[in-house]
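I have a structure here, written as structure tokens, and I will follow up with some questions on it.
As written, the chains take the letters A, B, C and D, and residue 1 is the first residue of each chain.
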Amino acid sequence: MAKKRLIQAINDTLFAEMERDPKVILFGEDVEISMFGDTKGLHERFGPNRIRNTPICEATLTGMAVGAAAGGYRVILHLMFSNFIYTGFDAIANQMAKLRLMTGGQIKLPITVIAGYGGGRSTAAQHSDTPYPLLMNLGGVNVAVPSTPADAAGLLKTAIRGDNPTFYLEAGGRGGERGEVPDDDFTVPFGSARVCRPGTDVTLVSVGAMMKPTLQAAGALAGQDIDAEVIDCRTLVPLDTETIIASVAKTGRIVIVDEARDRCSAASHIAAVVSDEAFTHLKAPVKRITVPNVAMPYAPNVEKTVIPNQEQIAAVTESLVNNPDK
Amino acid sequence: MAKKRLIQAINDTLFAEMERDPKVILFGEDVEISMFGDTKGLHERFGPNRIRNTPICEATLTGMAVGAAAGGYRVILHLMFSNFIYTGFDAIANQMAKLRLMTGGQIKLPITVIAGYGGGRSTAAQHSDTPYPLLMNLGGVNVAVPSTPADAAGLLKTAIRGDNPTFYLEAGGRGGERGEVPDDDFTVPFGSARVCRPGTDVTLVSVGAMMKPTLQAAGALAGQDIDAEVIDCRTLVPLDTETIIASVAKTGRIVIVDEARDRCSAASHIAAVVSDEAFTHLKAPVKRITVPNVAMPYAPNVEKTVIPNQEQIAAVTESLVNNPDK
Amino acid sequence: MLAMYRTMLLIRRTEEQLRDDFHAGRLPGGVHLYIGQEAIAAGVCAHLDDADPIASTHRGHGHYLAKGGDPEAMLAEVYARETGICKGMGGSMHVADFSRGIIGANGIVGAGLAISAGAAFAAQLDREGRVAVCFFGDGAANQGVFMEVLNVATLWKLPLLLVCEHNCYSEFSPSDTVTAGEITDRARAFNIPCSVVDGNDAVAVWQAAAAAVELARDGGGPSFIEAKTYRIYGHNESEVHWLSSEYRDETEIEPWRKQDPIERLGSFILENGVCARENLDALDIEIRARIAAAAEAAAAAPPPDPELMRDMMFSGQQP
Amino acid sequence: MLAMYRTMLLIRRTEEQLRDDFHAGRLPGGVHLYIGQEAIAAGVCAHLDDADPIASTHRGHGHYLAKGGDPEAMLAEVYARETGICKGMGGSMHVADFSRGIIGANGIVGAGLAISAGAAFAAQLDREGRVAVCFFGDGAANQGVFMEVLNVATLWKLPLLLVCEHNCYSEFSPSDTVTAGEITDRARAFNIPCSVVDGNDAVAVWQAAAAAVELARDGGGPSFIEAKTYRIYGHNESEVHWLSSEYRDETEIEPWRKQDPIERLGSFILENGVCARENLDALDIEIRARIAAAAEAAAAAPPPDPELMRDMMFSGQQP
């Protein structure tokens, strides 16, 4: 075990995976110098064939990832900020997510797309989106959103070694979170949520950067005699609905915390699944705490009001438990 | 009143709106010849300034729509098949949906993007997507999905005359549905769902091309003594949650029918809203009938299995009403 | 030479079959015919092995067949059968056979460009002398990925051959109404080898491709070929059902019919004594029989099992 | 001439203020400095009126100010104040003033190209002689929209001037590692008027822009200018906080410092007797005072009311 920052866990894992499998290659804009630190040092170690800076041309990069993966490589494409996923969206939505079915299952597409997501640092609307709802709807791509250094390492290994396209979203500048990472070659399977905190009164489901305020809220609620079970989805595709439903079967209440805009969010989908498959267990309305349907504002005081925080989570949960009829 | 095909209602409305306001312009690939028939004859009437064929360059077309709208025009951009929305997605997600907020509300963006959506005609995965969930999550664009010729006309007028970007999605080759269209200059407001069939036992919510099987299922259910209320959302952004909730308050049960892939679908979102805001009225699980999380297959027999149909809707509803505990 | 002729004839007869099948209502989806452009696929693919990847277009039957794709499996695919090369999941616009380097026809105009660049990058890293080829239309040359790929391929010296098939139309728009300047000039801006050839002359295409493919195999980087040709049929075979006005004159098409690439190569073969008229005729009879049988087999084959779909979205994972 | 000098000095002093503000921790977001490139914005915008739309980049302060944008409102914006030109909702990368034809800095590299083409189309339809200008970087010239816009603008003869600011870097990548060939050749492929100018020579930029703007106003269609310059500061001011290695040498920067566009225009002005050194010095004092006051006012202004946001997503509709 070693304590490290989340971004360091990613960087270490990239080193290890590239060492492990010579077919792993990584490219993207300025990945050699590495703005986020995740790809730092790889170029010096693995050279320009396996780590390569590209021109700014996201539409081509996503298509190239498909072509190179079909050509036998395990491709890691670094798209920097998640908003640039939109710039390269055509080959994501029309090729990456569909090509395997369209070709009758002829190919494997081992592609890991890395991008930083989310707000909180006044980067304004074009550098702060949380794009996983769109990716979830595509059907053909996995979505991993680690919240701890250990999960960051374990999920990244699963993504790189896997044979399907995966979007691996880093919680932007918040990669500084520290945590223990096992030393052995462990992986975290996709579709397996983690119960971070067992509880009996209410289920709090969240993912990525929202885990921190969610866990803090759970801690605060404990002081009010509310025993919250906290679940980290870890991957949104595949989604571990079983763990969520089992928890709701126990608690009868659920609050879903999501950094995406509300409409058709991951929270919406989880709420939909719960209100169908766990309906008979529900004692109270299914609650979502999400970002309102706006673009991310620049001003820090305004940005703060749109991103879910500990107080909001605690307040909604408290009122749900104490006033079940809304 | 005149009976016309849905696509004819669109065509007539485009004529009328361009006649009405010289600031309305329309461009897109082969809009002069008009593959779907919606823009037929406009070029002859309004000439090449106001109706213009473009090269194939969706990434530029969506950005141009923003620039021309900011320049004072009411822009109609025809993107042909909804999958090409992805090709032009950058300027949709990063500009159209965000520019107004980013500029502090300085501008209006009167843009109507038209595209045909949905499967059912063996056009395979790249010409059959139902992309509204992605658009719904963007936050800054309206989404209208007419199911009748009258709504097609009324919603299109609201889109064109409105000052915000709207995606106006046509149910592809299924534009042949006929219906009465009033002769006067009526509009259909956004955010106002239509109760197409009142009922007391269960609420069926749907939109666009799914209205037909949904209404047929409601008819069939009537024969089994199940009185279904049927709601056509008409616009998904804004979404008329009031009408849906009022209906659930009456019926206690809801089935949502959606041609989008299930994960983070419009159905998911409606289910989420209902399981929060109408929870106390619910007598049974919230049901979604959606497309599985796959790319659209080419073979008609396979394609048929993924698109919701009358029998499936009737069966799910029947079982929901008769076995509320699932 | 004869191999090229055979390829072209195979494409022609297969597409005639599909044309008739479409109009007889035997196909569930539409088809975009390559008839008149066969020399390009045949002339380029003559230099390629199974290991060399090619990316194709919505008008992709010709590329598939020229690259050695199985005609029976292609017909079955367009017929939406489980015996189809994509098990009936893709259809005409998505015929692909990765085992033969056919990395796919594609319904998104321009999409093959970036995919082929990725395949070329993989080929470069493998250092086995593979070369990637992208076929795309004049209309596709207006998609920005064209320039993006030229840039990356030039910078990285990718073993990539870009073949623009200029058939004078982009759907229903005459090319000069949607394409400014000469497409080849866009490639010339990158100082890569560029050539403009008569796309109805198989020998000319063959020669241009020979040089480009050799250069790429030797690590010399990308090349560009613009093949001037003409789309003899409509944009797709369904257009007759909805077109209310004509977008081109019969008089425009006629001269191009006289430039039929198969007849031209046939004459060349006969003039050069490669073989006799009877041999060509026999070949035609053989191919016609094969395709007719293939169509019959396709028609008789079972539709795909719908459950198959769930195993095909992902590798080893349910959707 | 003097107006251009004033503009350039205004840009310089404003950005020095922002640089210092950033490092003093007074700004919530990052800033990309235009210092060293001022001659380009000033030389081009000298030909434009409020009605002429310009699209800009992430490095957009200079374009905003050269186009007549209010410095006070810009500083307040970067300070995230309700008095900001975008009410604090956009920040440095999104400064825009539609009333002055500044249709926005933009955080998406290349995005201004298509937006400006749309604005040029609107200008063309209005027939009032307006011309649209797009400023973009050498890195942005690798985005496919560049070629797409060249194509549409050429075909439609749009009143559009494309100004590529070649500052030798695309973030941390030296241009020649990510950009193949000469960017101007990509535009030349469309046979539109193209010029390459010394971007640190305001007079040269002014002259090239004069011809291009006049042509566009007269219905002569688009032009392209490549202005060769150099990014004196880093990609953005925050890079010092995380850069672990240098990506360029001081020795590379030094010669460019000697080519300072403001000093060069200053010398030209003095040599030509337009005014005296004292006048220039006085101007500097005036501008410094103005900017210092503006920064103080910005710092003292209130943050935006969060509720404002809900009225700003849509016109007349809640989000």
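We take it that a residue touches a chain if its C-beta (ideal position, glycine included) is under 8 Å from a C-beta of that chain, and two chains touch if they have at least 3 such contacts.
Given the structure is predicted, the values throughout are model-derived calculations rather than measurements.
Engineer: As a test of understanding: of all chains, whose mean C-alpha position lies farthest from that of chain D?
Structural biologist: Chain centre farthest from chain D's centre: C.
Engineer: Looking at chain pairs A-C and A-D, which one is connected by more C-beta pairs in contact?
Structural biologist: More contacting C-beta pairs are found at A-C.
Engineer: How many Å are there between the centre of chain A and the centre of chain C, using C-alpha atoms for each centre?
Structural biologist: From the centre of chain A to the centre of chain C is 40 Å.
Engineer: CA centre of chain A versus CA centre of chain D: separation in Å?
Structural biologist: Spacing between the chain centres: roughly 36 Å.
Engineer: Roughly how far is chain A from chain B, going centre to centre by Cα mean, in whole Å?
Structural biologist: Going by mean C-alpha positions, chain A sits 29 Å from chain B.
Engineer: Take the average of all CA coordinates in chain C, do the same for chain D, and state the distance between these two points in whole angstrom.
Structural biologist: The computed centroid separation for chain C versus chain D comes out at 45 Å.
Engineer: Tell me, which residues of chain B touch at least two other chains?
Structural biologist: Correct list: 54-55, 57, 59-60, 83, 87, 90, 94, 101-102, 124-126, 139-140, 292-295, 297-298.
Engineer: I need the residues of chain D touching at least two other chains; which ones are they?
Structural biologist: Expected reply: 86, 88-90, 94, 106-108, 142-145, 148, 151, 155, 177-179, 308-309, 313, 319.
Engineer: Based on which chains touch which, is the overall arrangement a line, ring, star, complete graph, or other?
Structural biologist: Here the contact pattern is complete, since every chain touches every other one.
Engineer: Hey, which residues of chain B end up touching chain A in the complex?
Structural biologist: Within the complex, chain B touches chain A at residues 58-59, 83, 86-87, 89-90, 92-94, 97-98, 101-102, 124-126, 129, 133-134, 136-140, 237, 239, 260-261, 263-269, 271-277, 279-280, 282, 284-288, 292-295, 297-298, 325-326.
Engineer: Over in the complex, which chain D residues touch chain B? Could you list them?
Structural biologist: Spelled out, the residues of chain D in touch with chain B are 53, 55, 84-90, 94, 96-99, 103-104, 106-108, 111, 113-123, 125-126, 132, 144-145, 148-149, 151-152, 155-156, 308-309, 311-319.
Engineer: Across the complex, what residues on chain B touch chain C?
Structural biologist: Residues 29-30, 32-33, 35, 37, 40, 53-57, 59-60, 83-84, 87, 121-127, 292-295, 297-302, 305-306.
Engineer: Which of the residues in chain C end up touching chain B in this complex?
Structural biologist: Spelled out, the residues of chain C in touch with chain B are 28-30, 80-81, 86, 88-91, 93-94, 106-110, 139-140, 142-144, 170-173, 177-179, 242-245, 247, 303-304, 306, 308-310, 313, 319.
Engineer: Note which residues of chain B are touching chain D in the complex, please.
Structural biologist: Residues of chain B touching chain D: 25, 49, 52, 54-55, 57, 59-73, 75, 90-91, 94-95, 99-109, 139-140, 142, 163-164, 190, 238.
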